Amino acid sequence: MNKPLFGSRPSAAGVDLLRLAACAREIAHTGMQLAALGWTPATSSNFSMRLDTNHAAITTSGRDKGALTPEDVMVIDLDGRAVGTDARPSAETALHTQIYRRFPDAGAVLHTHSRTQTVASRLFAADGAVKLAGYELLKAFAGYATHDATLHIPVFPNTQEMGDLIARVDTWLDAGKPLRAYLIDGHGIYTWGRDMAETRRHLEALEFMLGCELDLRRLSK
Amino acid sequence: MNKPLFGSRPSAAGVDLLRLAACAREIAHTGMQLAALGWTPATSSNFSMRLDTNHAAITTSGRDKGALTPEDVMVIDLDGRAVGTDARPSAETALHTQIYRRFPDAGAVLHTHSRTQTVASRLFAADGAVKLAGYELLKAFAGYATHDATLHIPVFPNTQEMGDLIARVDTWLDAGKPLRAYLIDGHGIYTWGRDMAETRRHLEALEFMLGCELDLRRLSK
Amino acid sequence: MNKPLFGSRPSAAGVDLLRLAACAREIAHTGMQLAALGWTPATSSNFSMRLDTNHAAITTSGRDKGALTPEDVMVIDLDGRAVGTDARPSAETALHTQIYRRFPDAGAVLHTHSRTQTVASRLFAADGAVKLAGYELLKAFAGYATHDATLHIPVFPNTQEMGDLIARVDTWLDAGKPLRAYLIDGHGIYTWGRDMAETRRHLEALEFMLGCELDLRRLSK
Amino acid sequence: MNKPLFGSRPSAAGVDLLRLAACAREIAHTGMQLAALGWTPATSSNFSMRLDTNHAAITTSGRDKGALTPEDVMVIDLDGRAVGTDARPSAETALHTQIYRRFPDAGAVLHTHSRTQTVASRLFAADGAVKLAGYELLKAFAGYATHDATLHIPVFPNTQEMGDLIARVDTWLDAGKPLRAYLIDGHGIYTWGRDMAETRRHLEALEFMLGCELDLRRLSK
């Protein structure tokens, strides 16, 4: 029997191996670029891509995100259980699978940890959300055809209980409020899109607008 | 029939193909460098070069400006109509062609979107202009032989109606006021020069002086 | 007789030459990456790795930390004496050897000098310590399983007398207070870990949280 | 007759061609690194190295300092006259030659133009000098054995008359005041050392300490 190409052995689950290999490469490439920007300090952050209706590929915990190899990507089902591997998925995997379950169009999820994201999360935690308005870059999000719009990014309290965060996201969505991304206080951001390119575009737009908000606050005092 | 080398098929319009190939390469190279500086977040920004009296080469909309290929550059006439291609030019193309029409010496136009540019645009929008004075780097602009001079960069309100922006630029110019660049509120900057090298020099000088203005404002409060 | 491979000739001391070569490579590689981040300005900073119970490999003084070669790494015993070489170890070597003596698990020590570290050291010198609390990245330190914790980083006054600094570290430790890193006023940071990867993770987490503290202070005034 | 290797043809003046070639390479390499840091925006800045008692090699005006070739380096005598070339040295050449005349040990001069340098120059212009004290990095300057020292960096008013600047430098030196570097208001910094490596060390230390001063001022208000 051959040595498996990946940290996970997905044959039993019927996962498309070519799709998995392509996703692992795209996740590693994205990690290299985001790490170079300093958005994944101290082995933080995790990234995933949907493989099919029931599965996703996700980074295993604790790796340097700037030097990922295919072995650092594992397969999970959308209940967050490891598939074809003994590797333990990180606790935060549950936040990724929630996104894939609630947004059928979501094809990729990025969770990063830039200084701007963390500072914004702490600064706006008391308000419960960051309000982004008047930026041309709002148009980076499908459905936003003009800068003359407002995007609310909720800031949820940090917790080590993923169930609490999942419940907060569900509550927000069940109230019918639009959700493109969320911050966790003292921690980082989650955003998603139809594919990795769109998710990158969302992440870059959010980082940019959050940075502008911090600058404007410093300047207008 | 051969596959066209570029996204546009300019034979009918009589565009010089060698000039077009050279411009596409220079635009892609410039994009790679500006993207590395973080001035083109989330596929924003667009770049163009004049091909001849009646045509320009311009980036198509929505591409990652750090990874442009010749296919991402199209030909337009100076009324902003696509030439030899079915690709739709971006709405902002009209701002590029206005510059080529009003400044016969203009050979290149850069529109970028750095955090400094966006923050400055929002901060100075109420004043209608940023006043740059006393910088040695004013000498980056032809006609400025000393730091002891003032350069006004107007800040126009953002709008999705290009006609409104074009009218504002025309009004400014028709009043006989010098114009080397302009900001759009919450958006970014437009600047130009005789060739790409001069345009880059203008852009770098503007980014630098706007950054200094923001720093000085933070420091002198 | 052969030219020695390293600045030090450790045969007499029985140091493992393969281990020394591997440490020298890892130190040089780390230096290249930290220098690229701007954390080692003006040939400042020094790095070391434990070779065995009684020896460590450490950078010699005054080199550009972004361009280290094996010749820039020397062997010392844990009393800070050069082993198998006439090279003079830098005065700060004594701070490295103290860490290896007091923390038997310590396998690597990084002393760097980023602008954030220096500014934080000056700003918090009067308080005697920086208090880091509520950050998810506290979990970068073994023993911290939650963000809901506090890490104190002492700030010691700068001095050219290493004995004074050693006494301050000893006093802190002898009082039973936890110590994961310390700042020296106007100077930089020292941190350590079981191996170079863990030490890098600690350093990145500290730089990140110190940067957030400075940003939040600027923003909350 | 052969095409000259350099922009200048120094045979008549008896300049050592091998020394000139080595200096041109070192200047180009330094330019590439300083440009990557953003310290030479919009083709600003100039660099030189001493060739012998009577000559120096200096960058010609107006080139992108990140892409220098040997042709962008010319020979001048210490009165600032071009040697063996028709190229016109930049006006600021006179500030370089003054340094070589007044400091017989000076082997290299760097004039750069970072945002930190320019902002510091404007902020401290009214005081006439920046006072750097208490930094470990003061030890980057020969003669400074401790952080417990003070280095004054004068800020001279900007002018397009090099004679005025030369007179200010002469007045400062003739008063017996130590001078390791100077700022020009709204412009940039000049510093020097025995060779390029020492000059780089001085420049990095100055940039670092000026940046800390700006940060501390923002934070302590």
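For this structure, a couple of remarks:
We call the chains A, B, C and D, going by the order they appear; numbering starts again at 1 in every chain.
In this text, a residue touches a chain if its C-beta (ideal position, glycine included) is under 8 Å from a C-beta of that chain, and two chains touch if they have at least 3 such contacts.
Worth saying up front: this structure is predicted, and the values here are computed from it rather than measured.
Shared contact partners of subunit B and subunit D are absent. When the CA atoms of subunit C are superposed on subunit D, the rotation angle comes to 90 degrees, reported as a multiple of 5. Centroid distances from subunit A, each centroid being the mean of CA atoms, peak for D. Between the CA-based centres of subunit A and subunit C the separation comes to 33 Å, rounded to the whole angstrom. Subunit A and subunit D have CA centres that are 46 Å apart.
Each of the following residues of subunit A touches two or more other chains: 218, 221.
Under the stated contact rule, the graph of chain-to-chain touches is a ring, a single cycle where every chain has exactly two partners.
Chain pairs that touch one another: A-B, A-C, B-D, C-D. Contacts from subunit A toward subunit B in the complex involve residues 134-137, 140, 145-148, 197, 201-202, 204-205, 207-208, 211-212, 215-216, 218-221. Residues 41-44, 64, 113, 115, 118-119, 122-123, 158, 160, 184-188, 214, 217-218, 221 of subunit B are the ones touching subunit A in the complex.
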